[in-house]
Each structure stands twice: as C-alpha cells, then as structure tokens.
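In what follows, subunit A forms one complex with subunit B and a second complex with subunit C.
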Partner chain A sequence: MSIFRNMRSRQMRGLLLKEFREVWRDRRALGITLGFTLLFPLLMIGSGALSYKVMSETSFAVAVVGGEHAPLLEEQLRGGDLRIEPLQGGVPQELLQGKYDVVLQIGKNFAEDYRDLLSPTVYLYVDSADKSGGRGAQRVQEQLARLQQTIMQQRLAVRGIAAQTLSPWQLEVRDVSTPSSRGVAILGLMVPVLLIMGLMVCSTAPSIDTSAGERERMSVEILLQQPLSGWQVVVAKVLAVTSIAWFGALLSLAVLTISFSLLPLAEIGVRFSAGLSELIAMSIILLPLALLVAVLQILLSLRSRSFKDAQVQLSILQALPVTLLVGLKLSNIELDAPIWQLVPLVGQQQWLSALMAGEPISTRLALAGSVVTLSLVGLCILVGARALRRESLLGAT
Partner chain B sequence: MIGFRGLLYGAVMLWGLLTTPMLISEEVTDLQDCYLDGWGQPLRCTRIPVGEGDAEVTLAVFVSPAMNKVQREPLYLLAGGPGQAASDLAPFLHKFRKINQNHAIVMVDRRGTGLSRSFDCGIDRDTPMDLEFISKALEKCYLQQANFANSLSSRQSVEDLERVRKHLNHQRISLWGGSWGTRTALLYQQWYPNSLKALVLDAVAPIDSKVFLSATAAEDALKILVRDCLSDVSCSKFGNWRTVLDQLLNDWNKSIAVDFPDPNTGKPMAHPMSRWVLQNAIRTALYSPEAAVQIPFAIQQAGLGNYYPLSGILGLFPDGTSGMSLGLTLSIACAEELSRLSEEEIAADIRGTFVGDAFFGIFESGCEVWPVPDRAYEQPELRKHPVLLISGEADPITPPAYAEKQLGYLVNKQHLVVSSGGHINSMRGCIPRLIKEFLESPEKKLEQTCITDINRPPFTAGIYGPAIEGPKRKHLEEKGL
Partner chain C sequence: MIRVDSVYKKFAAKPILRNLSFSAADGQVTALLGANGAGKTTCLRIIAGLLKADRGKVFVGGLEPSQHPKDVRRQLGIVGDREGLYERLTVAEYLSFFASAQGLAGTELEEALLAVKGELELSDLWNRRTKGFSQGERMKVSLARALVHRPAHLILDEPTRGLDVLAARLLRKTLLRLRSEGSTILFSSHIMAEVLELSDSVLVMADGAIVGSGTPDELMAQTGCGNLEDSFVRLAYGDLREGSRHEYF
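After this line comes the complex of A and B, so read on.
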C-alpha cells in the first residue's frame, strides 16, 4: 500500500498542484475546451432544429396544367401545405426550372375518360434531386391517394359492394419500440461520439503541453530530479489532463441536455429521458475513459520527436475513436454480446446511449468494463514511468 | 489498508450511483404493456376489480403515456352509446398524437363494455334484424343477469372513473367525451369538480337533453343534406329525392325486402330488409358526411328500382350495432332516459320525420323486457371549468342546438360548429390541433377560422363516383391558409 502513501506525500501534493495549475492556467487549452464543448453541440442541435422548422413549415408550389379538365382534383389538392396554381399550358420541365416544386399535368380527355371509367392518366413531374421537390411530390401523391380512396369507395358502394370485401384481411402492426429505444436508435451514436470527441479534443492541448512541451521548455529535467518516482510524475500529469478533459465532457453533456429539452423530439416520436441520476452515471462512466485518453495522449507525445510531431500524432489519434465507432456502426457488426461491453470505448458508447435514453444498464458489466479500462490506464502509467526513466526521451527534440 | 478500504468505498459509491437510475425507472403502479387494434404502439394497461358478487367486473384501463417528460394533466377519453367501449377509440390516438405528446391519454372500458365484461347478450352482427327475436334474446339475458343489469348506472360509471384516477395517481384530469361520453363527462364534472381541469365535449348530450328522441334531429340533418345537395350542380340533378325517399318508405313491401342485395355477398340478404332497418340505415349514414353524400344518388336510384347503391350505403357500416353492448345500453337508457319521456314528447318528436319510430322503437321494445329501476339526475349546478364544445351542423342525434341552448350551467365555454358536419368531428381538419391548443391554454379563445375549411366530401354523381368536372362548392382558398 505504499502507492497510496506515496500519493499523499508532500512532494506528490506539490507535483499535483503544479500540474493542475499549469493545465488550468493554459488559456489555449481552456479556450479549446469551452469552444468545443459549447459551440459544437449548439451547432448540431441548432442545425437540427432549423431543418425541422424548415421541414414543418415549408409549403410547396404546385402547378396544375390542364386543371380545368378536372376541377375536383384541383379543388381537393388545395389547403394544407400545397399552394396550387392552375395554368392553362406550359412545359413541365421548364416550370420545374422556375418557381414550382411539382407540376401536375391533366390531359384534355380526362373528365370524359373518368366518367367512362377508363382510368385516365395524370402526370406528375418532379425534380427528385431537389429536396423540396421530392417532399412536395409526396404530399401531392398523398392528397391524390386520399381523393382516390373516396372515389373508389363511392364506386364500390353504388354497385352495392361493401368496401371491406376488398380487404381480405386487416393487418394490425404492433411496434414494440418505445420512445426511449427510438431515441437510442437516433441519438445513440451521436451523443456518445460527441462526448468522447469532447474528451479527445479537450485533452489534446494539455497532454502535449505537459509532455512534449515540458521537454521543450527543459523543465522536465528539473522535475525528474525531484525525489519522485516515474509513475508519480505520470499519474500527476494524467490526473491534471483528465481534470480538464472530463470537465469539458461534462460541460458538453450539460449543453446537450439543455438543448435536447428545447428540441421538439416528441414530434419525431423520440424521448430524451435521462434524468439527474442517469446524467451522474454518465459522468462517472466517462471518467475511466477520460483517464485512458489522457494517458494515451501523454504517452504518444512523450514518444514523439518534437512538439510539432506530437501535435500531428495526436490530431490523428483524435479522429480514431470516432472513426472506429462510426465504422463499427456502419459495418453492422453485432455488438450485442455482453463481452463487447468490456472493450473500452465500445462499452462506454453502449452505456452512454442506454443511459441517455433512460434505459437501465447492467451495473456489473459497467463496473467490469470500467475496471478493464482502468487496468489499461494502470498499464499505460507503468509504460510511461519506464519511458521517463529512459534518458533518450529527454534528448529528443 | 486504508487505501484499499478507500477503493472499496469508492466502488460501493459507484455501484450505488449506477443503480439509482434503474430504481427510479421502475414504475410504482401495476401497469403492463398491451396493445389495442387500431393503434400500433404499446399502451400501458391494468385491471381494476370493481363490484361484488355476480355483478363483479374487472375494469380494463389503457394508458397511452405522454411522449414528453414534462407533462400536463392526463386526458381521459369517454366513449359513446351508452354501450361503446373506450378501447374502441384507440384509432383516435393517430389524430391525437400531438395531444399525446404532453398529455397521457387514458381509456377506461366502463362496466359492461369492451374488455370490462361486455354485456352484449350475445347480440352481434349475425343476429337477424328482427325486433321480436332481439326482444326475446334480451328478455332471457335480463333474467339471467338481472343483478348485473340493475347495478349499472351513470353514477357508477363516474365513481369508477374517479377510482381509476386515484389508482393511476393522477391529480387533476381533463375529459374528452364523444356523444354519450359527454353525458358521463358532464356528470363527472357535477360530482367531482375538484378532480377536473377541462372538458372537451364532442356531440354533446347535455344532462337535461332527451337524446333518445332523435327523429326530429335526423330529419333536420337530412334537410341540411337537401340544402347542400341543391347547391351542388351534380347532386341537384337528382331532383326531389326527399319525396322519393318518403315514397320508397311508404311503398316498402315484403318482396323488396326479400330481394334486397347484401353488400357483402351480392346475393339477397339472409334476413329480409325490414323498413325500420332501412330507416335506421339512412339515419346512421347521416352520422358520417362520407356516407351522407351518397344518400341522394342512392335514393334516386332506388326510386328507379336499383337498390344496389342503397345496399352499398349499408355496406359502409359493416358492424351495424355490434359495436355496442346492448345490455349496458338498455340498463342506462331505460333507467335514465326513457323513464323521463312522456307520450306527447315521443309523438311530437317522430311526427313528420323519415325515421318515425324506427329508432326509438328499438329502445321502447327493449325497455319492456329490461325492467331496471328508474334513476333521475339532480339539477345541474353552475360549473366554471373551461369547456370546449364541438358540434356538427348536420348531426342527426346531438344537434348544435343542444350545446347552444341546454348548457346554461357551464359559464366558461367555447363552441365549434362544423358546417355540414355529422356526429363526432374531433378527428376532422384542424380540430385535433384546436383541441390541443385548448388543453394547453384552456382560458384562451380559440382562433376558429380554420374549421371553415372542413367541407362535405363530394356528392356521388353517378356510377363513376363524384363529378370531376366542376368545383361544386365555392371554395375558400384565398384566405391565406
């Protein structure tokens, strides 16, 4: 138990104080932390809210060419989010180039063929490469389908046929999803990725500064002359870097939570159900990962040849977890087996998604997975301590 | 060792924090997942035993939880009849989806309906439409379950609702009532004013109204159909179909009744089509504007000897009365409604109407074999809850006049009248949105202009359906909506 005694020695306290002070006084690191954690979620949420607003408020300009041949059709399309403009003539392709989202073309003989039950054709022109064109066409089709339903039903009735004779059976779809599980499907990747990215981004600058930076400032030599073991130096640095990275991630979480409560998630049948206890659990789950990220980044920058080199290497590392998570998601690899929760990063992603949607997680697996992550942290600290003992490290410029 | 202990302590703390969310997500009540036909999402359901002895029932309760975490008061849906089950209203959840975001929606099958011991006396869609036969079946049913039949009442239904409210830990609730459900809602308001926040009453049957006298209301609805038909180019061509209807009903005879085509099989009906069934079929068609627009053509054709379109209208209501639990209907109707009607009132109501006594007669003969004790309501007292009333101008059973003239005891009310609307309009056009706005700020006056966009569907003009060539109505496009 000498580890804990050492941790509480006066030298160690002094070292921790120094490391924490250096990290938290670094304006650049703080700036990145605040910038990323506040702006990035806000930007994402803001664009989501904006696109929802556009989706729900847009109306579509529909040109009806030859509407005079089927006034009922034109009349029934009116209202809602369709702006109907009857035109005497015009080339549909040209009209689509102009202000119209959708062009409906009705032939001259429409009314006569309709009366003779000849099923006349209506042409719907749309530019499906144009976003509002596609949605506008869909709305027109829905409205037409509704009218068609009314007419079909009347045509059956006048022949004395019950409409149900055309439905050999009723299909009842029963969806077993819940608003929370749909939330996992939609936000389950985004939120953990955002939080993990927060950890990566916020710890990069202090990691480099505390290792490669200190080496370049030559202050690391003074540090190693102190009566402290190598692991103590690494631990102090890891804790200091973790503190700011974790703070950044927590800030992200807070911003995300507040933003979600402002978004009309219920409109898309989704619930963000994380309560205070879930948020606390999420924060705790992030801590081992924050430690792992910090220690890996410090190791990598210690290994690098120079400050610049460290920056290059770490910026590559930054993109790694996100790429991994997205890659796993896209490759459709089944990650449901509990063993996956023991894999750092994958485990954290799964717990964070579940907690965010207010779903329970297995405490045992979460603890076991966190222990795996923490063991890795321990291993890395030992590796770092050994590296510090190598004189060659200090010579690298 | 201190360090190790510290570590252990930390682990325990972590464990505690991680398990907290799971403890909180456990529900305090006994609700379980379940489904209802017509709505694909899972509901939370429970059963509550009520009543004693051979009148015991386990009430079926269905909750569609609110989507948002920050919630407003739950909305309870009360079905009509009496005899319709609230669980049959599950399809309403589609149109009430937005309301359901902030309000949990609760459906309780009242005693004797749906999944709460449906009191249907074995009368279903296969039962022949023969009053004598039905009367005999009912008489037998009453004798077998007299205690149950005598126990059912509006008062009891309101008490059960209050019990459900407490069981579900709901503070104040709002009620949506449709048709007879409005009566239950109004009585709940009288007896439990403190449990209630707001009322939405669609097709209102005020406490004093005599809703089983509906022949005049049906006649008035038909008159509005005549009016609308005359202003429509294609429909007005059918001439005086109203007189044809009278003639048809007058001349209805056994040979027509026997040959009448069955809309399901295309062959003659298994049981002859009695005159009173036809009268009721036309009355029922007036409930729904989609069906009503087919009446003029069907009558004109029947006048020419083609009964298929008339049969097609029957085919629009495949379940007939089987949606109702007739035992419960009679227990309530005989004790609370028919008991307060005088011979003069009945005669005045049916005089000069196409329905005549065809509708009332069902209940009159039913009540003869259903001797439940009379029950009277107390005089309604003044109530200040915000109330939203919705009426269809051409409703054949609860006309807008009920909402306008018989609800003096509601001092805080707004009334939406859907022109040419039938019975129950909550699902049409912008009305679901208006209901949501009302529930969110019940004291605010609603902007009603959007209901003028709710039109009658196009009239059947011929064998091809509606006329395609002319806007038959003056449409209201340029209102900036």
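After this line comes the complex of A and C, so read on.
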C-alpha cells in the first residue's frame, strides 16, 4: 500500500512540476495575466477618477446677455461656483461653442415687466451634450430658484401674507447610509466582478494550452502512454492553471486596494474598508472559485474539436459569470439569503462585497459554500479523467 | 513478449484491423512493415492500452493492457509518429518528468537520466528547451524518453525518421544493445536496409491484417523476390504495377 502511495506521490510531484513549468513559462498566458490584472483595474479606476474630476469641477462660465436690464439679478448670481460675465450682445449658440458653459439671456423689457408683476421670461441656453454645460445650467437654475423664493416671500410679506401659506410643509431628505454601505452599493458589484473576470481571463490561455493545445501538439498521447491515472493528470493541470488565475486575481486585488487608497473616495462619501484580514479572507474565498473556473475551462477545452474551437467556447464562457451576476443584481432576488450563498459564484460575490466594505461574513456559510464549490471541482475532475479516456481525444474516430 | 491475438477494430463502421494476429518475441527485433493507413498506429495504440479492441486480445509481458493498463505502460517504451515534446521544458526537465511518471525518484531517477544522457549523446542538448530542435534532435529526445525507465518492451514508429547518419547509427547501436539485453523491440520502418540490418523477423501488414511474416530471407523465399522491398510490395499490394505502388508511400 505504501509503495503505491510513494509511487503516486512521485508521479504527482513530477506532473505538478511539469504543468507548473509549462504554465508559468507560457509568455502569452503571463502577458494576458499581467496585462489584464494591472491595466484593467487601472483603466476602470482611471475612468472613474476622470468622471469624478469632471463631476467635481467647481466653476462654470455663465454669459449673461442683456444683464443691464436686470442688474440686481446679475448681481445675485455672482459668487459661488458661477463665473458671471456680462455681455452686451451675442448669439447664444455661438457663445456656447466658445468658452461659456451656459448663456442667460435677459430681455430688454425685464425690469418693466418685473415691476408690473408680469413674470418676465428669462432664457437659459445650454448644450446638454456638454457635461459641464448641463451641470452649469443646473447650478444657475438652483441659484435662480433660491432668488425667486426670496423675492416671492418678500412680495407676500408686503401684502401681509405669511410665506408659509404657499408651503404647507418642508421636506428635508436625510441620507442614513454610511460610507461603508455606499461603498458596498457602488463597489460591491464592480470589485467582485472584476476579480471573478480576472480569474476567467487569466486562466483561459493556459487552460486551452494545457488541454486543446496539448492535443493539437499530439503530446497528450505520450502523456496518456504513461502509467498515470486520469485524475492525476487533470488535478495537475487544474492546479497549475489555478495558480496563474489566482495570482492574477490577487494582483488585481492588490492594484485595486492601492488605487482605492490613492483615490479621493471619501469626497464622494464612499469608503473601501477592507483591512489586511479582509484582504486575506477575500484571497482565500477566491481560491475554490479559481479551481472551479480552471477545471471548467479545461473540461470545455478537452471537449472542443480544436484549439480554435476551444478559444471560441471559452470566450463565450468568460462573459457568463458577469452576465449572471449583473442579471441577478438587477433582479429582485434576495441574494443575501443563506441558500444563495451556497451557490458557487453568487456566494463568492456576496462575501467579497461584504468583506470589501469591512462587514463580517458568516464563517459557517462561507465554509459551506466553499465546500459546495470544491465538491463541484471534484466532480469536474472525475468527468475530466473520463474525458481523457475518450478515443476521439487521440484523433481516432 | 508482445502478443496480438485476433484483434478487430473499426472506426465509424470502417474496419481498421481485421483479426490481426502476431507476436514479437523477447530478445528480438521485430519489424512491422505496412503502407500508410495499413493500421500500424491503431495496432500500436491498442498495445499501449490507449484504444480498446472491439474483439480479440493483446498481451504485453503476459498482461492485457485493457485489464492492467498501468502495469503494461510501465513495461512499455513508445516512440510514436509524433515526438510529443514539451517545448517550454529543457531536455533534462522533460526526461525527468517522464522518469517520475514511471515511478522513478531520487538517485534511481538521477542514474536513469545520466544513463540515457550518455547512451544517446544528449549532453549538448541537456539544458536547452526543446523549442526549435531539429527533427533529428527531437527524435533523439523522444527516444530517450521511451528508454529512460528501461522498459522491457520497446515500440518504435519509424524511429530513424529525420535522423542524420550519425544519429541513425547511434540508434541502431542502442537497439542492438537493448536486444542483447533481452528487450522486446517492435518497430515500423519504410527503410528496407534498416529492416534488414536490425530485424530478426518481419511482419508485413496490409488492410489491417498480417499478410506475411518471417525472417527477411524467409519472406524473400516465400515471394520468390530477390530483395526485401519487392517481397514487401508483392505481399502488401499483390499484382499492382510499379507506377501505382509509389502512391502508397
């Protein structure tokens, strides 16, 4: 019995060394891993930072055409984030194409109509295709509304009417969310999806190379001529592919963590609260999923007709988890229910979301969910071992 | 000894092997001659336990590959029609992997590696990755892989294909040494001079069956031909004329 165990462990050691060397020396796989894990998070965060910069732009150029007809109005708009520039004339459309975000046009009858309480029209020109124009117009509207409210109250007071008559109640919205919970809402889908995508993308090239590639190069026949069990071959391949996929996901996580610490998330009321223990927990949680992703990709590649066919099939598979997670997120399903945490992929997404916000997860449920995922991995390994016995694998039909 | 007994195998209703029977004795070199598509590769795959025969039995060292695939594979060293190299591994890593797959470890493994390194003159290639190797170098490494665990039975599919003169001489020397050590050697070839030099007995295969067997001299006597090539052509293709024979090679 011990002789067989020794033999198996020698074979397994040799197989693992071979598969790890093959995978980690595959420049294409490494290139994809580094490219995706380093560039994709940076690209996402960069575009987020850019949008934030645009959103937080504090100054809008407002051209006031005909401001001399309402000097008080023009005066009241000044200050804050509006840069008011009075102009004697000009075509609003042309002004908007120039340096102005918004053009306010006041008619020459404004003062007279205002005095007669005729509610004169003021035109606000904006190019809604221009982001800062839209927000500039919103700021001018808010400023004007405040001024309008003040004037209305003054007019009512002069006539002996309490201003509250026109406002039966005041509505004040109070946001009870915490920075962490806003972090979950905003980053809760993005980060897990990015990490899961990382697993998928990083394991695709080595999965294809180690199965369909090995078949195409005819080295699989030499491998099957050895006194090895099918499960040993599949396990070694799965572990090697998992190692690179997991490395990719961990690298993504590190890049995200560093980037979040450099971003002014607090200014938009969001906090990335994962500490070292949460990051370690996230890494451990990703491992069973990395194994499942690797074994599924290897299985599909083994069943495909050629290297190219495997590439097509795995490209489709890559989009599946993201589609599924976004679909579930948009549905009304209560994903934090215990039963959903046992479902591979959904469970991992839930735990990653919670850990990212520094919230606790149920260790019992996380263990149970990981066991379910690992059981699926075991089942897939057995299916893979069977697939290695197919005569068609050798090109025999 | 390798014994193939009434083996029948078909793919998609097309018979590839038709009650194929032959044996390759221990301490002998047996040559398997057959045109492309005669069923040689299928036969070798059944012997290695990679394919299952629809009917009939195969024995390698007294064991059936379908019943004891691992035990049979420990006794076999195979050089197929493709070298199956791993291009990201060095020769040393490649051979070390296959030695460990055969259960070797520690000093036993080191000694086995040193032995094939010396026998097949692999020193110059030893620490090089196999990507970019010439056909001859690939075949040499492939042969080293088949020999590293000292198998009792060696199966070679056109082993001198692509080898230069020196490498082919080295291979022939190795095979003759293995024969003298009692190994069973079954090899296929299209080079009649090589078959004549190496083989103790010759099997002529056509359409999935053995159509002639014996020593080269016996085959020539059976067919009444003056050389082995003509004997092979007569046995494999019957009355085909010279011009159409070459289509088969």
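Keep in mind that, in the parts below, the second predicted complex is superposed on the first by the 324 of 397 C-alpha atoms of A that agree within 3 Å, B and C clash if a C-alpha of one lies under 4 Å from a C-alpha of the other, contacts with A are read in each partner's own complex, and residues count from 1 in each chain.
Definition applied: contacts are C-beta pairs under 8 Å (C-beta built on N, C-alpha and C of every residue); 3 or more make two chains touch, one makes a residue touch a chain.
Since we're looking at a predicted model, the values are computed, not measured.
Using the touch definition from the top, say if A:Thr165 reaches subunit B (first), subunit C (second), both or neither.
A:Thr165 contacts subunit B only, not subunit C.
Is A:Glu75 touching anything from subunit B or subunit C once the two structures are fitted on A? First, second, both or neither.
In the superposition, A:Glu75 contacts subunit B only.
Which partner chains sit in contact with A:Asp336 here, subunit B, subunit C, both or neither? Use first/second/both/neither.
Neither partner.
Between subunit B and subunit C, pick out the one touching the greater number of residues of subunit A.
B
Once the shared chain is lined up, is A:Ser219 touching subunit B (first), subunit C (second), both, or neither of them?
second
In the superposed arrangement, does A:Arg115 touch subunit B (first), subunit C (second), both or neither?
First partner only.
Please indicate which partner A:Leu355 is in contact with in the superposed arrangement: first for subunit B, second for subunit C, both, or neither.
First partner only.
Where on subunit A do the contacts from subunit B and from subunit C line up?
In subunit A, no position sits in both the subunit B and subunit C interfaces.
Using the touch definition up top, name the residues of subunit C that touch subunit A in the complex.
Contacts found on subunit C: 11-12, 42, 45, 48, 50-52, 69-71, 73-74, 76, 78, 80, 82, 84-86, 88-89, 93, 96-105, 145.
Write out the stretch or stretches of subunit A touching subunit B in their complex.
Subunit A residues touching subunit B: 1, 3-5, 69-76, 78-79, 84, 110-111, 114-117, 150-165, 170, 172-176, 178-179, 266-267, 269, 271, 273, 275, 277-278, 280-281, 284, 355, 358-361, 363, 366-367, 370.
For a test of understanding, state which residues of subunit A touch subunit C in their complex under the given definition.
My answer: residues 6-7, 10-11, 13-15, 17-18, 21-22, 25-26, 217-229, 391, 394, 396-397.
In their shared complex, at which residues does subunit B touch subunit A?
Touching subunit A from subunit B are residues 1-4, 6, 11, 14-15, 17-22, 24-25, 35, 37-38, 40-42, 67-69, 101-102, 261, 263-264, 266, 290, 294, 297-298, 301, 307-316, 318, 453, 457-458, 460, 462-473, 475, 477, 481.
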